[in-house]
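What follows is chain A paired twice: with chain B in the first complex and chain C in the second.
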Partner chain A sequence: MTPALLGNLSVSLALAFSLLGLALALLAYLQGDGRFLRGARALVLPAFLAALAAFLALEWALLAHDFSLAYVARNHSTKDPLWVTLVTPWAALEGSILLWGLLQTLYTLLASRKPLDPWRASLVLAVLYGIQVFFFGVMATIASPFQTLPNPPQDGVGPNPLLQNHWMMAVHPVLMYLGFVGLSVPYAYAVAAMVARRYQTWVEETRWWTLIAWGFLTAGKVAGMWWSYEVLGWGGYWAWDPVENASFVPWLLATAFLHTALVQQTRGAFKAWNFAFVTLAFAATVLGTFLTRSGVIQSVHAFAEGPVGPAFLGFFLLATGLGLGLLSRVSREVRDTALFHPFSREGALLLGAFFFAGWALVVVLGTFYPLLVEAFAKAKVSVGAPFFNQVSAPLGAGILLLMGVGPLLPWRRPRKEVFRNLYLLLSVLALGTLLGLLRGYTLGASLAVGLFLYNAAAIYLLAREGVLARVRAGLSPWGFLANRRRVGSLVVHFAVALMGLGIAFSQTYRLESEKTLYRGEAWEVGGVRLTFQGVRALDEGRRFAVEALLGTGRFGEVRPRLHFYPQMNSPLPAPKVIYTPGNDYYFLLMDFDREKGEWASIRLIVTPLVFWMWVAGALMALGTLYILWPVGRAEEARGVSPA
Partner chain B sequence: MKPKYLLGLLVILGALGYMVFGGLGRNLVYFLTPSEYLQDQARYQNRPVRLGGLVKPGTVQYDKDRLELRFVLTDGVAEVPILHKGTPPGMFKEGQGVVVEGRFQGGVFQGTNLLVKHSETYQAPKAGWTPEEVRKLIEEAK
Partner chain C sequence: MRWVVLLLAFLLPALAQEAPPPDLSPEVFRIARELRCPVCQGESAAESNSGVAVEMRRIIAEMLREGKTEEEIKAFFVERYGDWILYAPPRRGVTLWVWVLPVLGLLLLGLGLFAYFRPKPLPKELLEEAERRLKEPPR
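So, the complex of A and B:
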């Protein structure tokens, strides 16, 4: 038994189980026969086990340095440390698809355990099996992780050094995939709801899935930003790169869906919007993979070179067409009949969802625009970051504005006492902005201060309202914490406001300076006194490192590095970042005297409030976790009772 | 929906549309070769462009104390002088295919970002290459 044999066998088995499962699930729906459904359900576990075996086969091949596999030869080296080897399955395309497929089978397994009426259960399984068929079909044909080489090399080059430079790269892709795949369950339920014409309960039934997908997407995004900041060496965390945009769009659409789903759960309205948003959010995950993996970004012409691009594009069109096609068929039945005042909770939630969806549309337009220009005008262009920043600033500010007032508005129509709160909040906003202006901040940064304080005040009002209501009813005020959805969402909203403040300040105030220093020379910059004490070279086996020794006084000795990897022509910077609550100090070694180590070019980037963005990211994840924790158990408990 | 809300929605959509299409036009960064630039100089004056070409051998001057890198970018037909503030990237050398982001100011291209097109299969351009061939070479040598 070789890893290739085990891998190929497992992929084929996973594909076969998924195909059979799809056929049985469709038969169960069409024939209305419970035996077919039992059959389809029984195949969920074998499909997962086959996918797991395939994944383990790839790990085995990597650990055993089996360079007869093309994937191992291209992405692994005997010099890799153990942790790099273990995460190499998601360092390139084929392995990533395998991980995606494995997570899909896991989610199908978990989702199939939930009792549901047989019609929708068959349809949900059919959709999830259909997605599995796509992924394992791609693996079995055009992007096999187990392709063998006729003449295996003795050693490989290892994964892309950018991915080895920080442990976050082990975590970020898995979080993203857990989020992407998580959206498949609400999507499957939505399709089932539209086919079976039972439009109401699916959002409540998939609440846990929507939240967990959102939580993972958020954590994955923030982890990616942190990685970009600490590894890429330009001192930024977001460049509006197509790869970043590709995962931002599903997040935006999932956020829109999360908020409109709330309305259907509590008020029964927005059914059509929810079908549309969940379809678009799921389809966006596939579109993102198409964008980043087909080479279409480099050039339209790269698209036709590999079969993976067309396959993902086709799957995207199929997923979108299925969701939106079904929606157009049932649109008459899911139309909202109840009227609501635009100045109500529903109104704010829907407007907020429009902001998120509009933002997604703008990002998609900006990302695809160069392709259109290249295809039709034959000119090669790129859309600069200023475009994305210009359109994102007002959209982000609008969302922050809605986020504060929305939760304070009552359902259906505004009540008088709301206006008192609203005037209070608007005064906080105005005062905060004025305070910022008086301190000499730019208008944008001042507005960010105002919006942060406005949101903090809104959260205070909401928490106070919740606590007072309990005290009036003679209950312990601490019981408010048991309202996990409310408390968790307040934590997440506070984190979003904090993130907004961090983004506004780090984008507005950034000091970047570079200088060539001779040994012993001191440089006063950005409130730091740097003394260059020399360079040191280190041989670390898989790479060669050069570090500059910088005395800084307040931070002790700081050692930014350059890493030289044998498989890379140019060295990779490994910046040294000192976080403080006010400013981040980002030290970079740019160049050095290769003969005597007498001089080095050092760059220092000082950015305010970046530290708080990572705090905000952690708070978003924790807030989501706080909401999810008991809901998961409650669902399990509900799972025991027969449907 | 009442007409006044519809009107509000239209205003919002219009503002968004103006923002997007106005913004796109203003922030489009053209990817050019030196010949393409010289054919239509007025059009690209003071707007961000990406110039692609080869570092002309014998023209590189780097002053590490002032952090100024000067060289001539060529596509075999036309040449453009470049002034880039900052250290040259690790792979920067004569005859190398590079992309410089920046803008023209007074006859000199002020680069803000310098990207080296690295490729194992890179070939030096032969004499008499057309810009189209150089461009293809640069695009391929990603």
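So, the complex of A and C:
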């Protein structure tokens, strides 16, 4: 047995199980026969095990340095440390698809365990199996991780050095895939709901899945931002790189869906919106993969060109067509008939969802615009960060504004006392903005201060309301914490407001400067006094490192580095970041005197409030986790009011 | 120290150096961030470490020292590389639409929402039905 044999066999088996499962699930639905459904359910576990075996085969090949596999030869080297070897399966295209397929089988396995009426259960399984067929079909044909080489090399080059520089690389892709794949379950339920014409309950039934997908997407995005900040050496966390955009779009649409789903759960309205948003969110994950893997767009993330792009494009069109086609078929039946007051909870939720969807639209437009212009007008244009920042700022501000007032509005129509709260909040917003202006901040940054305080005040009001209601009813105020949905969403909302503040300040007030220092020379910049004390070289086996020794006084000695990899012809800077609650100090070694080490070019980037963005990211994950935390049966039986 | 320098020199023959790079003020980076690095994959001239980007930063610093304004510096690069070098697409010609479309799209969304929230009169049949039932004698 070789890894290649095991891998190919497992991929084929996973494909066969998925195809068979798809056929059985469809038969179960069409024939209305439970035996077929039992058969389809029974294949879920074997498909997962086969996918797992394929994944382990790839790990085995990497650990055994089996360079007869093309994937191993291209992405692995005997000098890689163990952790790099273990995460190499998702360092390139074919392995990533394998990981995606594995996670899909895992989610199918978990989703199939949930009790559901046989009609929809067959349909859900059919959709999930269909997705599996696509992934394993791609692996078995055009992007096999187990393709062998006729003349295996003695050693490979290892994964892209950018991916080896930080442990975050072990985490970020897996989190993203867990999020992407998580959206497949609500999508499958939505398709089943539209086919079986049972429109109401699927949202509640997939609430957990939607939240978990959203939580993973959020954590994955923040992890990626942090990786970009720590590794790419440009002192930023978000470049509006096409691939960042491509994974931002599903997040935006998932957020929109999360909020409109709430209205369907509570009021039974917005059914059509939910079908549309969940379809688009799921399809956007596939579109993102098309963008990254087709080679139409070049970026840090884009692995390789190949026939994979068209396959993903076709799958994207299929997924979108299925969801939206079904929606148009049933649109008369899911139309909202009730009247909505714009100044109500559902009004705010829909408006917010539209902000998110509009944002997604703008990001898609900006990302594809250069491609469209090149295709039709034969001109080359760039649409980059300045564009995205300018169009995103008003949308983000609108979302922050809605986020504060929305949860305070009652369902259906506003009550009198709401207006008192609203005036209070608006005066906090005005005062905060004024305060910022008086301190000399720009209008945008001042508005961010105002919006942060406004949201903090809104959250305080909401928490107070919840606690007081309990006290009035003679209950323990701590019971408020048992309202997980409310408390968790408040934590997440606070984190979003904090993130907004961090983004506004770090984008507005960023100081970046570079200077060549001679040994012993001091440089006063951005509130730091740097003295250059010399360079030092280290041989680390798979790479050379050169570090500059910088005295900073306040932060002691810092040592930014340059890494020289044999497979790269230019060195990679490894920044040294000093995090503080006020400013982040980001030290980079850009160049140095190779003859005598007499001088070094140092770049310093000082950015305010970035620290709080990572805090906000952690809070978002924790808030989501708090909502998802399994509730004990006793607590569930007692019932927690949704208000 | 010496052996490392030797080794590095052996490893990196392409990176033979002459003079140390020039000092760059925050202003240089602010302008460079708006310009594309022509040989990179989605990086601005501020971020990239490629030779072209380093040279671009040097030119920007030079031009700033000569008292050139931001517009003049950008115009210089546009003349060399075309509008493609600008990360903020100019608000004219073929890239005007990328600025106009989001505004138009949001307006349309807003109009759609407005229509959605507007009180819709009940269908006539339903009203007539209700009226008829009201007039019916209670059973």
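One rule holds for everything that comes next: the second predicted complex is superposed on the first by the 622 of 643 C-alpha atoms of A that agree within 3 Å, B and C clash if a C-alpha of one lies under 4 Å from a C-alpha of the other, contacts with A are read in each partner's own complex, and residues count from 1 in each chain.
FYI, a residue touches a chain if its C-beta (ideal position, glycine included) is under 8 Å from a C-beta of that chain, and two chains touch if they have at least 3 such contacts.
Given the structure is predicted, the values throughout are model-derived calculations rather than measurements.
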| item | value |
| --- | --- |
| Room on chain A for both chain B and chain C (clash or fit) | clash |
| First, second, both or neither for A:L350, with chain B first and chain C second | second |
| First, second, both or neither for A:T516, with chain B first and chain C second | both |
| Partner chain in contact with A:L371 - chain B first, chain C second, else both or neither | neither |
| Touched partner set for A:S382, first chain B, second chain C, both or neither | both |
| Touching partner for A:P242 - first (chain B), second (chain C), both, neither | second |
| Chain B versus chain C as contact partner of A:F544, first or second or both or neither | second |
| Dominant toucher of chain A (residue count), chain B or chain C | C |
| First (chain B), second (chain C), both or neither touched by A:D591 | both |
| Those residues of chain A which chain B touches in one complex and chain C touches in the other | 298-299, 342, 358, 362, 365-366, 369, 373, 379-384, 386-387, 390-391, 514-516, 569-571, 590-591, 599, 601 |
| In the complex with chain B, residue positions of chain A that touch it | 298-299, 342, 358, 362, 365-366, 369, 373, 379-384, 386-387, 390-391, 394, 514-516, 569-571, 590-591, 599, 601 |
| In the complex with chain A, residue positions of chain B that touch it | 5, 16, 19-20, 23-24, 26-31, 48, 50, 64-65, 67, 86-91, 116, 118, 139, 142 |
| Interface residues, chain A side, partner chain C - complex | 232-234, 236, 239, 241-242, 297-300, 302, 336, 339-342, 347, 350-351, 354, 357-358, 361-362, 365-366, 369, 373, 377, 379-387, 390-391, 511-516, 537, 539, 544, 546, 564, 566, 569-571, 573, 590-591, 593-597, 599, 601, 603 |
| Residue ranges of chain C in contact with chain A within the complex | 1, 4-5, 7-9, 11-12, 14-15, 17, 20-26, 28-30, 33-34, 36, 41-44, 46-47, 49-50, 82-89, 94-95, 97-99, 101-102, 105-106, 109, 113, 116-117, 119-120 |
